[in-house]
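Chains here go by letter, A, B, C and D, matching the order in which they are written, and residues are numbered from 1 within each.
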Amino acid sequence: MSDNRIYRTRSLGIPAAGLKDQYSDGTAAHLWELYIGDKSQRTAVYRKFITDQLKARNCITVLDVACGTGIDSVMLLEEGFRLTSVDLSDKMLKYALKTRWKRRKEPAFDAWEIEEANWMTLMEDIDGKEQFDAVICLGNSFAHLPNEECDFANQRLALSNFCAMVKPGGVLLIDHRNYDDILDRGTAPTRNIYYNSEHVESIITSVVVTEGTPVLVTLDYVIKLDGDKDLRDDTDSERAKRGRLQKVTQNKFRLSYFPHRLDSFTSLLRETFGPEAQHSVYGDFQPLGHIARPAFYIHLIEKPAR
Amino acid sequence: MSDNRIYRTRSLGIPAAGLKDQYSDGTAAHLWELYIGDKSQRTAVYRKFITDQLKARNCITVLDVACGTGIDSVMLLEEGFRLTSVDLSDKMLKYALKTRWKRRKEPAFDAWEIEEANWMTLMEDIDGKEQFDAVICLGNSFAHLPNEECDFANQRLALSNFCAMVKPGGVLLIDHRNYDDILDRGTAPTRNIYYNSEHVESIITSVVVTEGTPVLVTLDYVIKLDGDKDLRDDTDSERAKRGRLQKVTQNKFRLSYFPHRLDSFTSLLRETFGPEAQHSVYGDFQPLGHIARPAFYIHLIEKPAR
Amino acid sequence: MSDNRIYRTRSLGIPAAGLKDQYSDGTAAHLWELYIGDKSQRTAVYRKFITDQLKARNCITVLDVACGTGIDSVMLLEEGFRLTSVDLSDKMLKYALKTRWKRRKEPAFDAWEIEEANWMTLMEDIDGKEQFDAVICLGNSFAHLPNEECDFANQRLALSNFCAMVKPGGVLLIDHRNYDDILDRGTAPTRNIYYNSEHVESIITSVVVTEGTPVLVTLDYVIKLDGDKDLRDDTDSERAKRGRLQKVTQNKFRLSYFPHRLDSFTSLLRETFGPEAQHSVYGDFQPLGHIARPAFYIHLIEKPAR
Amino acid sequence: MSDNRIYRTRSLGIPAAGLKDQYSDGTAAHLWELYIGDKSQRTAVYRKFITDQLKARNCITVLDVACGTGIDSVMLLEEGFRLTSVDLSDKMLKYALKTRWKRRKEPAFDAWEIEEANWMTLMEDIDGKEQFDAVICLGNSFAHLPNEECDFANQRLALSNFCAMVKPGGVLLIDHRNYDDILDRGTAPTRNIYYNSEHVESIITSVVVTEGTPVLVTLDYVIKLDGDKDLRDDTDSERAKRGRLQKVTQNKFRLSYFPHRLDSFTSLLRETFGPEAQHSVYGDFQPLGHIARPAFYIHLIEKPAR
């Protein structure tokens, strides 16, 4: 992260190979809090969409497989869902755990399960006996999963593990950036449905193209650090604020993604859930076609009832 | 840690220099849980000593500045003290946080404050307004603090920060291994007052001696991993156990210490707390002289009332 | 080189930044000997072109600023030129030095000057008092020079240093791969005018594209190691052969390039040598247009006589 | 070398383990040239001793197995011996190769063989058919060889390879610092029979003692860089001097040694050469006892004639 000349893949899901968690130095996790902006403002954009979709299917239990600092999970807890939230990165989970602690007197938060887990061994990491009404994987998280051999083997295993955690009749919500647009234009759109933060100064897009095929998209985020108020990290307990914040000196982080085109990702999903599965796609939470160049695609796919 | 040919110092307290937390890869934290053995058995050894000392002084609030996975703090919470616990290593704190969460319905644990903090900036990291009846720094933690220039500047700053957190009339409990014995004999005693674990296969002692002066003591711990039962990590929630444990493959870790001789450490303490301060030393929790070659020295020093 | 997931820039010419010589582990240098194939066969392809060009201009003294293992310099020595040869990489120079030693009884080799030098400090590194009838920079070497700020500052400084080493009326020969073709098609041509080796199993092309602009081309070379005969490293002295060769286990290396389009490189050259300078370009040593998609462009630019 | 907090072993002789040549960054090699001081002054100290010993045994061919920058080999070439010189470090050999090139018109230098070689595979690396009248291994080089398992396996293999290169009736000259003295006192003597350089500002000695046994001695050399004259690197050709020298900014290097006590090293030698072998030891080139605390011990051991 400190060496901008290095473009590398991410560790998520490949612990056997000894790769590193992209978030392991804690910089991304901290800046992420600034990046995603005001949380209630952020989730307002899609709170209605997601809760409507889940409530229309009578979902109560939700597994958030990429909870990060917990933003989506908190939103759903506030909407009355019962959450189990996992992430590979303990640096990200620290923020979710702090939020859970601060709000532990609220019954939904008292019942919130949070664990470290790896998509490649998901059932083992969370014991795997229980299934959920819904599994969610949002915020462009899935694209962190490496596709090193260009055969989508990791992707197939992860999706199959997600599917295994969904009850028959339940649903998977999963999204990815509009990589068709990024790859065709060479730059990520500045607009982000998830993150309306005024802190984002710029996002620089790099694409690694091997033998004509895009294999890696790297986004370099530059965050504006305007002053004390903006530096506030609201998951910190009050007493930790002053000291903790002074440690922020870095205003950049780099995240790498394995890009998915809409067509090929749809095929992967259908292959995993079977030909019977109902599948629909939204662009920035609108039906396809409503928005000319959506920044994100959101997939809903139902696991057929037995 | 993976390269046994490297002897290096530890990061604690020198964030400016960009050093790394010795515990940052999580291996030591995990194995530590095995190393220290059965917790109630462990603390039995000195539970009475410490609680007697604190109760005799009417201490209620305690700051544990090296709480690690939380073993001493939990013991004191169970004995009715009010705890604020800090550590530099978030990998160690993960275990303390899990324990707090599991026991949150007990009022003492509900009130337990846990924070990341650095001894060099202790007042800022925990806000510094409050003072405590007692500050404890146990388990040979203080010796992790580097003494790179051999001038004890870090040690003076840390002790002065500890002192600042003690109420007038309060007390600091701080220990260190019997380095006089280690340095004179070249090997650490196998007996450990803190850690009676049957999991310890061996501890190999290395001493770096520069121009005749011992500057670094490195202990290589080898842990026996006997089977499923022994691999149980009891701070994990039940559902995480199966998957998490399979990740344990490493059975060694290395920790480095800057050794303190009894005389010079006593001088440092007196210099910090002033000539009026009451100071006493124990060997393995017994008055000096009761045990021929104690493994640890425990210092109690009172901050003079105004 | 061992981690295929890392795409990085090369050190050449940026010693201040502490970057590493891409050839510093010696693997590339060794495999290079295999890659470029039979040397007399190799140079046959362009020996006539280059010697004709130099002789037509009455050149006698030549500075080879990217001599590597010495292949072009040896060719010119054999043709009667007087050579000074430099390279940044001492791992590459080892091979040139061995060749010079083996052939030291030939007067041209006895007079051959070989030095380490950095293009950024070229005049200082080779003392800079002497000028040469010709400066050559062949084999796609110039594209190793990083262009990190995308402002071609390094390129301008290097070309200006090359120009300073050319006598008024002398000539610079410099080449680069046909990056227009590589960038437009996403793959490097398999045909290589310089390297006809049967040892090349494959070359995998990766392009890093930042905000729509190609900034780095990485070529992964896979070399066939067929057996003892092919493993022969003919610059080794006889007695070293057996032991040395057994150390070859790696059959891959990665080199990174900062791509130059024909137009922009031409502009850089003209800017450096001034509007009076005669400039011509060849495709694979033929006049432009003779070969449909040349693999290399070779530039000749004359420094105006005073 | 840049991180003074790291004490590590050296790679010499363990290429399989992927260890690094301690000299591979070139800093030690360059500073070595300054450290060892004026070469003719240096060798004056022991030139007579070594040449007398070799001539007394009618030695003509000599294998220098740790030639480094070539200082001892050059001394023997000047005395009329026929030299084959090897070293593991190509950064050190660069200086020997330069010297050979500069003096190539002298017949002894024209015949000088120089190769990279590893003591563990010595016969293969130098072909092994020829044997020599004498093998020399001077300048405390042998102590670079790691003894990681503390079983002297590497040492036995290296000595056995040295022995194999000696003709029956020939001799091995090998030295080591007086580690008895260093280990007993904790500091290396400032006096050095080999290196009388005025450039040595200080040598800091560190000893790693594991379970009471000294396993590693680390010497940190600080070199005085007084000005242009002192920076002269006399193996560089004239034209390279100005540029090359400006790159010297580092004035420290660290070398690590596996210490040998006189008794145990003597046993190793006798074990290798057999009970019949004549063995004698000198302290600083004087018979034992003449100098109270010699800095070096020099062993001569003869391989029994068949």
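Some observations on this one:
Operating definition for what follows: contacts are C-beta pairs under 8 Å (C-beta built on N, C-alpha and C of every residue); 3 or more make two chains touch, one makes a residue touch a chain.
For each chain, UniProt lists the protein as follows: A, B, C, D = Glycine N-methyltransferase.
The model shown is predicted, which means the values in this text are computed figures rather than measured ones.
Placing every chain at the mean of its C-alpha atoms, the farthest one from subunit C (Glycine N-methyltransferase) is found to be B.
If you match contact pairs by residue number, over half of those in A-C turn up again in just one of A-B, C-D or B-D, and that pair is B-D. In whole angstrom, the spacing between the mean C-alpha positions of subunit B (Glycine N-methyltransferase) and subunit D (Glycine N-methyltransferase) is 45.
Rounded to whole angstrom, the centroid-to-centroid distance between subunit A (Glycine N-methyltransferase) and subunit B (Glycine N-methyltransferase), based on C-alpha atoms, equals 37 Å.
The multi-chain contact residues of subunit A (Glycine N-methyltransferase), meaning those touching 2 or more other chains, do not exist; every residue touches at most one other chain.
With chains as nodes and touching pairs as edges, the resulting graph is a single ring in which every chain has exactly two contacts.
Shown are all chain pairs that touch, namely A-B, A-C, B-D, C-D.
Looking at the complex, you find that subunit C (Glycine N-methyltransferase) touches subunit D (Glycine N-methyltransferase) at residues 15, 26, 90-91, 94, 97, 100-101, 104, 110, 113, 115-118, 121, 123-127, 237-244, 246-247.
Note for the complex: subunit A (Glycine N-methyltransferase) touches subunit C (Glycine N-methyltransferase) at residues 3, 5-9, 148, 185-187, 204-213, 215.
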